[in-house]
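The next part holds the structures, each set out as structure tokens.
In the two assemblies presented below, chain A is common to both, partnered first by chain B and then by chain C.
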Partner chain A sequence: MQESESALFLAFQLVMAGDADLLEIVGLSLRVSVTAVLLSCAIGLPVGALVASQRFRGRSLVILLMNALMGLPPVVIGLLVYLQLSASGPFGWLQWLYTPTAMILAQTLLVAPIVAALSRQVLEDLHDEYSEYFDSLCLSAWSRVSTLLVDARYSLLTVSLAGFGRAIAEVGAVMIVGGNINHYTRVMTTSIALETSKGDLPMALGLGIVLLMIALIVNALVMTLRSSAERFAYA
Partner chain B sequence: MSVLLRLFGVMLPAASVFRKLILITLLLGSHSAIADESIVLQSTTSTANSGLYDYLLPLFQKNTGITVKVVAVGTGQAIKNAENCDGDVLLVHATQSELNFVAEGYGVERFDLMFNDFIIVGPATDPANIKELTDVVPALQRIAGVNALFASRGDDSGTHKKETALWHSAGVPIKEASGKWYRETGSGMGATLNIAVGMNAYALTDRASWISFGNKGNFEILLEGDDALYNQYGVIGVSASACPNINEHDGQLFVDWLLSPEGQAAIASYRVDSQQLFFPNASSN
Partner chain C sequence: MPESGSAVASSPFISVTGVSVIRNDQRLLDNVSVDLGDSEFSVIMGSNGAGKSLLMRVIHGLVAPDSGRVEVAGSVNPSGVTTRLHQAMVFQKPVLLRRSVAANVDHVIDSKLKDRRLQRDSVLDEVGLLSLAKRPARLLSGGEQQRLALARALALKPSVLLLDEPTASLDPASSQLIERIVQKVHDAGCKVIFVTHDIGQARRLADDVIFMHKGQVVEHRPAGQFFDSPASDPAAAYLRGELYV
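What follows is the complex of A and B.
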């Protein structure tokens, strides 16, 4: 248990010292995961809203697939992306392998199904409530989608937070496609894996505590934003 | 802040929200695509985890301005990645696999770079009583004889290849023992050492990984010094005729620097806990 105590102390020390390496790693973690979540929202929300509001053949199959994709292991995504981006793969010419771009791509593939599947569920409940109203106005598919997305925006914010949680916490995908290169593609989770493999468990745990604090801060920021936006909207 | 408030607070047509999302995404995603000189080094883990690169690479960069990006994985995976043309230089420790790599046309030429040795570590209680031995083969036979736990990398790394060869010399059928007293972790050296310490199992490790390992518990070096435990590291520049996309020129500059008197002296002067981890021997090429 000595490890946990020295880890807490180390985490505190790391943050207080404002260590440049740590800031760089935290910055890259946030940049990669936030970008991936925004991209995932840009893809997943319209898909979720379309599936929620439209009736078409094979719809239940699509829903099943979306829900199943939520369970894809990050390391499998990492491997798939590696094989595509490898110099010997079809997209090697992009030269994205071992760059932050590859990490963003992998995390987007990881998070987009989560955003799509969860937003589909949220929006379908709302759609059930609105559907007669929509029908009476003869709204186009696009207007339905945009109305649903706007009216459910606060719930969708929580959906995006779930996606962010998945992205910032995963290690399998970014390890393979990023390569954990120092000062270039090293993020919080791959640093933790590295320190663990060096047997420096207090440092690994210390970084883990820092990661937890970041997740807390991001969630708190979004919650504050949400409540002040609500007050602003209903004022 | 006010922009964000408007983004979430005021009714906006969804299309415009998405335009903003995409715009923000592009801003965040666009990282400086400066074409600085850099190469990718596919490397074994021991050289990276022991901090050798943190010491060597700044010296090389100061000389040449070339940044070396290290991807540290097991030797097997490093070779595989280099065969996929995803690296400019290969630095691993499995001489036969390295020679195959060159023979198959992926590498320009293989050079001896440096050496250290493998050691067997285990709990201080030493249940198989190998500490009194000096040769590795009888030690392994004793471990197998009393079914003492042994943690193997099991990941096709250089260390794993060495270990498999040693078991073969000892005439112990490890495949049959797998899952019983012989535990294949399928992970890197550090993770395997963590597991070995956790379950009081013997393990074969390179000395550099052991010296720089921070979670030794009550473990000690129980066997060292046998000539069979010699650990040679090799370096190979990836060939541009096999991989036209790679940076053969800068890769070769790095190889040449490592083999030069300056690079060799730098390797020799790297120390952890005042112990030398790697012994340069490029002169034997």
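What follows is the complex of A and C.
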């Protein structure tokens, strides 16, 4: 109880004082996760829309794979990226290992399947509603995809939010490929793991509270956007 | 004896020959043959499940027949693609995009920005929705939504306009408005094929009537003849408001 109180107090102190270390960690966490989510959306949304709007042989298998990939353990992704980027790996020459770029890559590989699978589910319902209209216009596959993506934009915000939640809270992959290097690749989750292992629980809890606050703020923003869209019948 | 393909003029513009659609061993369309001219206002009538909407979808190329063929302007289009490029269809329940009224029309117009705006405003004006151009389409009333679907179809500048019970769930005033617009489009030279249950509406609009029963065209005659002396028992019963089994 005492620890929780002091953690809350410390978190409040850190935020109010604009602690430089904290801001740096929070800034890097947001930069890595937001970039990874943007890249994941750029990959996952068109894939989800394409699978939702097209009928082809092996489609059920593709959907099964997409759904299965949602459950990929972050440490496995981290290990795979590590093997590719390590000095002896095929992409070692890029020298991305233990850099924020490697962390973005790992999180993108983690989040893109989530975005693709969830958007496929959302867009398939919309496609069922629009399919006769699309057919009557003889729309091409890409026109269908772009129409679906535009019309489901507010639902897809929720999908990207799920991806952001996964990315910002993820620790295993960024720890392996980022190395948790102070002032370079240290993000909130790896800091929390480190402080916990050092026994500095108030600091770990303080960072955890900041992480929760970020998640709350982002969720509130997206919910506000969605509810205003629903009010104007665009969602 | 079915009386089909007899109501139309010289050279048919749309020719449906021996079309059957079979689903789960049921013949939803059973060897349907009908010829339609390029200028008549053709109305398809029949009780629920007669195959009216399905026949319209086959003509539009949305459903491929299991046998038979559809010719439009002399060319056979098994895939329906070429057919659909010259046709536009309005569904019973309008499918509207989650966008504004104007953006819904823009979606089907393939032209430069300025031309697009002119074309869009012109069709919206035609259906009386220009003042609502910026409103979200889904906030329109049922009648307005159907007029928007009609505007979008007209924006395609079709030579054939197919309407599948467009006034089925509308009040009389909205139905009348739709009828007036469709009649005007027909007067401007567009071939119209219209599915309806409403006998009064069919009397007002039709040049020729195709009457369907259990997946077959049992009658196709000029409207006056059809309403004055229906030649088949199912059509006669339908016009009397009786159930024909």
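Everything below uses one rule, namely that the second predicted complex is superposed on the first by the 221 of 235 C-alpha atoms of A that agree within 3 Å, B and C clash if a C-alpha of one lies under 4 Å from a C-alpha of the other, contacts with A are read in each partner's own complex, and residues count from 1 in each chain.
Quick note on the criterion: contacts are C-beta pairs under 8 Å (C-beta built on N, C-alpha and C of every residue); 3 or more make two chains touch, one makes a residue touch a chain.
Note that the coordinates shown come from a computational prediction; the quantities given were computed from them, not determined experimentally.
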Notebook entry, point to check: Does the superposition put A:Phe232 against chain B (first), chain C (second), both, or neither?
Noted result: both
Notebook entry, point to check: Touching A:Gln54, do we find chain B (first), chain C (second), both, or neither?
Noted result: neither
Note to self: If we overlay the two complexes on their shared chain A, which of chain B and chain C does A:Thr224 touch? Say first, second, both or neither.
What the structure shows: neither
Margin query: Of the two partners chain B and chain C, which one touches more residues belonging to chain A?
Written below: B
Next item on the list: With the two complexes superposed on chain A, say which partner A:Tyr130 touches: chain B (first), chain C (second), both, or neither.
Entry: second
Notebook entry, point to check: When the two structures are overlaid on chain A, which partner does A:Leu157 contact: first (chain B), second (chain C), both, or neither?
Noted result: first
Next item on the list: May I ask you to decide whether A:Ser140 touches chain B, chain C, both, or neither, giving the answer as first, second, both or neither?
Entry: neither
Margin query: From the superposed pair, tell me which chain A residues show up as contacts to chain B and also as contacts to chain C.
Written below: 147, 150, 232-233
Note to self: Quick check: in the complex, which residue numbers of chain C touch chain A?
What the structure shows: 60, 62, 81, 84-85, 88-89, 91, 95, 97-99, 107-108, 136-139, 156
Next item on the list: Provide the residue numbers of chain A that touch chain C in the complex, in ascending order.
Entry: 129-130, 132-133, 135-138, 147, 150-152, 232-235
Notebook entry, point to check: Hey, which residues of chain B end up touching chain A in the complex?
Noted result: 4-5, 8-15, 17-18, 21-22, 24-25, 28-29, 31, 40, 45, 49, 53-54, 69-72, 81, 83-86, 187-191, 193-194, 212-216, 243, 245-246
Notebook entry, point to check: Which residues of chain A touch chain B in their complex?
Noted result: 31, 34-35, 38-39, 41-42, 45-46, 86-89, 92-93, 95, 97-101, 104, 145-147, 149-150, 153-154, 157, 179-182, 184, 194, 196-201, 225-226, 228-230, 232-233
